[in-house]
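By written order: A, B, C, D and E. Residues from 1 in each chain.
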Amino acid sequence: MIVRPHEHWLSRIFVWHGSVLPKIFSRLLLNFLLSITVIAMLPWYSSLGVKLTVAPFSILGVAIAIFLGFRNNACYSRYVEARQLWGQLMIASRSLLREVKNTLPPDTDIASFVRLQIAFAHSLRMQLRHVPQEPTLAKYLTQEQLTQVLAVQSPANRILLLMGNWLAAQRQQGALSDILFHSLNNRLNDMSVVLAGCERIAGTPVPFAYSLILHRTVYLFCIMLPFALVGDLHYMTPFISVLISYTFISLDVLAEELEEPFGVENNDLPLDAISTAIETELLQMNDETDIPAKILPDRCYQLT
Amino acid sequence: MIVRPHEHWLSRIFVWHGSVLPKIFSRLLLNFLLSITVIAMLPWYSSLGVKLTVAPFSILGVAIAIFLGFRNNACYSRYVEARQLWGQLMIASRSLLREVKNTLPPDTDIASFVRLQIAFAHSLRMQLRHVPQEPTLAKYLTQEQLTQVLAVQSPANRILLLMGNWLAAQRQQGALSDILFHSLNNRLNDMSVVLAGCERIAGTPVPFAYSLILHRTVYLFCIMLPFALVGDLHYMTPFISVLISYTFISLDVLAEELEEPFGVENNDLPLDAISTAIETELLQMNDETDIPAKILPDRCYQLT
Amino acid sequence: MIVRPHEHWLSRIFVWHGSVLPKIFSRLLLNFLLSITVIAMLPWYSSLGVKLTVAPFSILGVAIAIFLGFRNNACYSRYVEARQLWGQLMIASRSLLREVKNTLPPDTDIASFVRLQIAFAHSLRMQLRHVPQEPTLAKYLTQEQLTQVLAVQSPANRILLLMGNWLAAQRQQGALSDILFHSLNNRLNDMSVVLAGCERIAGTPVPFAYSLILHRTVYLFCIMLPFALVGDLHYMTPFISVLISYTFISLDVLAEELEEPFGVENNDLPLDAISTAIETELLQMNDETDIPAKILPDRCYQLT
Amino acid sequence: MIVRPHEHWLSRIFVWHGSVLPKIFSRLLLNFLLSITVIAMLPWYSSLGVKLTVAPFSILGVAIAIFLGFRNNACYSRYVEARQLWGQLMIASRSLLREVKNTLPPDTDIASFVRLQIAFAHSLRMQLRHVPQEPTLAKYLTQEQLTQVLAVQSPANRILLLMGNWLAAQRQQGALSDILFHSLNNRLNDMSVVLAGCERIAGTPVPFAYSLILHRTVYLFCIMLPFALVGDLHYMTPFISVLISYTFISLDVLAEELEEPFGVENNDLPLDAISTAIETELLQMNDETDIPAKILPDRCYQLT
Amino acid sequence: MIVRPHEHWLSRIFVWHGSVLPKIFSRLLLNFLLSITVIAMLPWYSSLGVKLTVAPFSILGVAIAIFLGFRNNACYSRYVEARQLWGQLMIASRSLLREVKNTLPPDTDIASFVRLQIAFAHSLRMQLRHVPQEPTLAKYLTQEQLTQVLAVQSPANRILLLMGNWLAAQRQQGALSDILFHSLNNRLNDMSVVLAGCERIAGTPVPFAYSLILHRTVYLFCIMLPFALVGDLHYMTPFISVLISYTFISLDVLAEELEEPFGVENNDLPLDAISTAIETELLQMNDETDIPAKILPDRCYQLT
């Protein structure tokens, strides 16, 4: 995620880092070169009776813009939902620990429960980013817990089960009444909602054909655009063609980034920063002192 | 569902499998041939004083694009909601089993309850895909249960009732307090929400007239398009006509696929994979060892 | 509701039943005749210096299409919400009966409670469709109950009160603890949500001015369209004018149907089928044998 | 709110009452007169070399239509949410009274509680419409209650507190267990949601700049439109200019009405009717006989 | 937030304060001057064979308008959600205090709990606006509480923990049963939802590339617009160019304001007024007399 400070409106036009420009620069250059070729070839193919006008491209351009708008909206919704789920994880983590601290007897070993909570957040992050989990989880789990967690399809869900076991043990010992156990258990259910929600977003892309149709029409449109413009604009063709292509291609590329919000591209969610914030929050609530350093954006305003 | 790896933007333009192209190829070919006929007939019907221009088609094209955008959005919403419902089934299944394991005495026969949970997921899948349920359910249910389940309108709902009976029996035996029974029962209600939600999506299509109006206008528009373009574009007519037709027809066809997300077409939900994932998850949570193999995409990246 | 099987894309263009075509045929015919008159009158009013071009109609057409798109979306949302409410009624009915069966002693007269539940679904349907309720309700309610129910503003709400009374009586007899009564009572609240939601949709139309503005602009646009097209298209005017008018008028008419989803028009919800399905479901859950026949679509694929 | 019966599509075009036409008639007339002036002045300013064409107005018109569409959607969402909140008040009122009647001993003075519930609905309505509350509330509250209620910032919230006090008194007397008190208290929370939701809609308009930008561009567009049209349309300019202006201005004006749904304009919510319906419902549920008359639409189909 | 009274439609066109005009005036002036330069240079670059027409700008303009519409919608959603979260804080604050007053023994020191509630609202506001918290919080918290609160990452969350401690102490003393503690604790969870929701909106902007692409295309479009218009409009170019630029640039700037709703710009949320209203409400509910003055809009209708 980019957390760029406000700049002058004029200087913002020329931003390079953090934009999708670096990624699509070669495609725009290709479009520019194609436009120049088209200008050069104009006399030849005009003599063949081949001609293209802007009017049909106007229909096509507006139609593509409309469909692209809806698709970008769909991809952005996934991004927003993913962020909301991580926000809910923060909420559930705080509420769970607050309830645990407020209801269990003072001599309970809450620190080990906090470790499980932190492990859940990191495990979910690593599961979504396909990072090996063992090194990180070993810091928070006992060896026995670690073995159980790494053996299953969804490690985060097993951690949830371990948290449930911990609470059940408290209930067995009479430290929790059924009503309070029920309440704490609902917080675990909230975390289960976050887990399965993230798995769903990560595992179910926007229907492939939806992305493909727009990808295809956008690029075919941009390839044919110089031919349509050259009759009217002549020497100005490359500039206008690149400008229009930029508008369409950059939004197509951005939609692809937003579609998978858990990646590590420029416009993806800063899961490292969020999971560390959850860890800090939980440790501070339990008045522990070994707090991890806050993750800050790098020199390119990039937060991971 | 297609889970295609990222490819080069250029090669993606030529993707054939997994797109809707194979389905609409013949229609686009027809459009191409019609365009050629129109070019050939141009002198004849020009002499009759018949002429069409692009301008009115621009109004029509933009209007259809707008309506198609809204309708595609409506169909995509059904797809998203269907996927969310199955995600909720994963959530409820995990939470239910976690609560059962954490609250019931250690000597309870939880395995038989897990069988009911797995049977629910498979039964729902088979109900939505109109597959005969007996062979699969026989693996998870006793003969008596099976008879009851197959006798009713909604087998999955009867399985839910059996799960309720099982919990009620635990309560009768004093293994569950009222508050914990209430909590577990709420998880059954969550599964009831999933069941009725899926039945609703499967049973209530987007209003037929909505689909029909857009289907009709899209095809009439595409049929008349060559006549409108030929005056301006002449020899280029077939190419532009096919490109515009592709944009509109492919989105119309995709909307039809997304409208019924429980089917087995390219862009439908991978219910086989999801219900098997639920089964695996539940078996692993109960530390059982006979885990079904994970369903992977086939060679065409198709996941069912 | 139309539940039409999939047909060939070509034959679907010519569908008559179930579309809005029969309803708007006369208006399109009028548009066709007007177009012919306009062609005939062209020389006369051209000589008066009156002329219309397509360009301003392009602005108007696109603007109307955009507003119509948003309004159709609003009307479709009402349709979707109405269907979801009835889905929630199915959910609440099933959950309520499952909880009642699982928590009350085996000798309870559950059948009379099921009668109340079924009466609620039918009463809601009849209230929404303004059908006299006495004949149907008499099948499910005692004479005393019937008198109470028919005396009030909202019969379905009185049935809900009777269900509450029945549960309260069980609690008074000690058959239900407070926590279980609370849980069952929440299901009644869910049914209250459905009831008031349906009353809201039925009682509060889309703001009249919203419908009116679009109705008016659509028809004025279609009336003036032939005058704008005739200069460019001449003999082709009637065909293009009718095609564009069909696109706009059919969507305006469909929006009106969807706006009131509880009616009995082609694209309204099949409340008869849904309420009968609820009845069947409840009777089967209680293992009763006198099940009503399933309501199937008629020869025109129409389900009421 | 207008509850107009269905009319013939043709006669609906000429509706005057209930539309926004009366409000904007003078502006459309001004536009008409301006158009005539423009026609008269055409030779003079053509000679100055001043000319306007439709093409740039097409960009502007479509852009404004798109933004207006989104803004109207935002305003309509407020209207819908406001209506839903009042629907939730109906739900909470019914559920609260049903639970009170079903759980409290038969000799409880429920009538005084019903008075508080009715007072809440009326107080909320009067607070939203800035009507003096004392005369109406005096009918339902004791003198002591009235003094408390009128002394605070939000009278309706104080009534909620009084209802809470009443329930707390029942609990103190042992008539309500904690679990049932908790359940009833949740209904009060539901009413609190309605209260704060309505206050939010009433107190936070759509951002002023959003309304202003569209207001300004719509009117500047309409003022300049005749200049752009006159070159092409000449004598037809006034008619087309007024038609296009009507489309844009009427939607701008309607958006302003919907933005504040609690007013007493044509398209605002019928709070009088809704709050009276709630009163009737509660009195009938408590089997009281002094029911207020139902509020019906007036001769212009207007319901307040 | 601007709370401007209704004005005549004509005078509203000329509003200056509260609009985004002051902010973008220099950019529009630049556009105006550029247009004049373009007119002056027209003969020169026409002789070079450079020419631009409106047609390709029409495609670009409509595409940008569509994307801008969607992006503005996304930013407006953030504004609406932020306002809803503060509305939920009002709801939770009222409900929490009502429940506390109704369930705790009369001799409880509720005033100190009210101080914590007020401190939460102010702390959240100051956290979102990056204002030093110590001076304000010192009014509501004891020295010991203050030290704890200022030591952590999220002061508001620590206040929530203190509220939980207070309630837990009541439960320990036997003043609260588990069920009532659970109920009150749920209100704290509601406040936790508000807290994390606001943190999320403040910490996660709309993806930077989304804002950037539209910013860039809007300004490039406006810069090139005079070149495209000058051929058709000549002397009228500056006026039309500024009008179109105003439409696009003002919406781009407004979207930026709405994107961060917790700031102190014209169109941001009036957090001062809202948090003071919450304080007033809570003090009045507890029948205290030292009520802060209501915050009213300033002379420019601005409410902070």
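By definition in this document, a residue touches a chain if its C-beta (ideal position, glycine included) is under 8 Å from a C-beta of that chain, and two chains touch if they have at least 3 such contacts.
Worth saying up front: this structure is predicted, and the values here are computed from it rather than measured.
Taking the mean of the C-alpha atoms as each chain's centre, chain C and chain D sit 23 Å apart.
Taking the mean of the C-alpha atoms as each chain's centre, chain B and chain D sit 38 Å apart. Shown for chain A are the residues in touch with two or more other chains, namely 55, 58, 62, 64, 66, 69, 73, 179, 182.
The touch graph of the protein chains shown is a ring with every node of degree two. Traversing the ring of touching chains from chain C and stepping first to chain D, the chains occur in the order C, D, E, A, B. For chain A in complex with chain E, the residues that touch the partner chain are 1-4, 9-10, 12-13, 15, 18-20, 54-55, 57-58, 61-62, 64-66, 68-69, 72-73, 76, 79-80, 83-84, 87-88, 90-91, 94-95, 98-99, 101-103, 177, 179-180, 182-183, 229, 232-236, 240, 243-244, 246-248, 250-251, 254, 257-258, 266-267, 269, 277, 280-281, 284-285, 294, 301.
For chain A in complex with chain B, the touching residues are 27, 48-53, 55-56, 58-60, 62-64, 66-67, 69-70, 73-74, 151-154, 157-158, 160-161, 164-165, 167-168, 171, 178-179, 181-182, 185-186, 188-189, 192-193, 195-197, 199-200, 204-205, 207-210, 212-213, 215-217, 219-221, 224.
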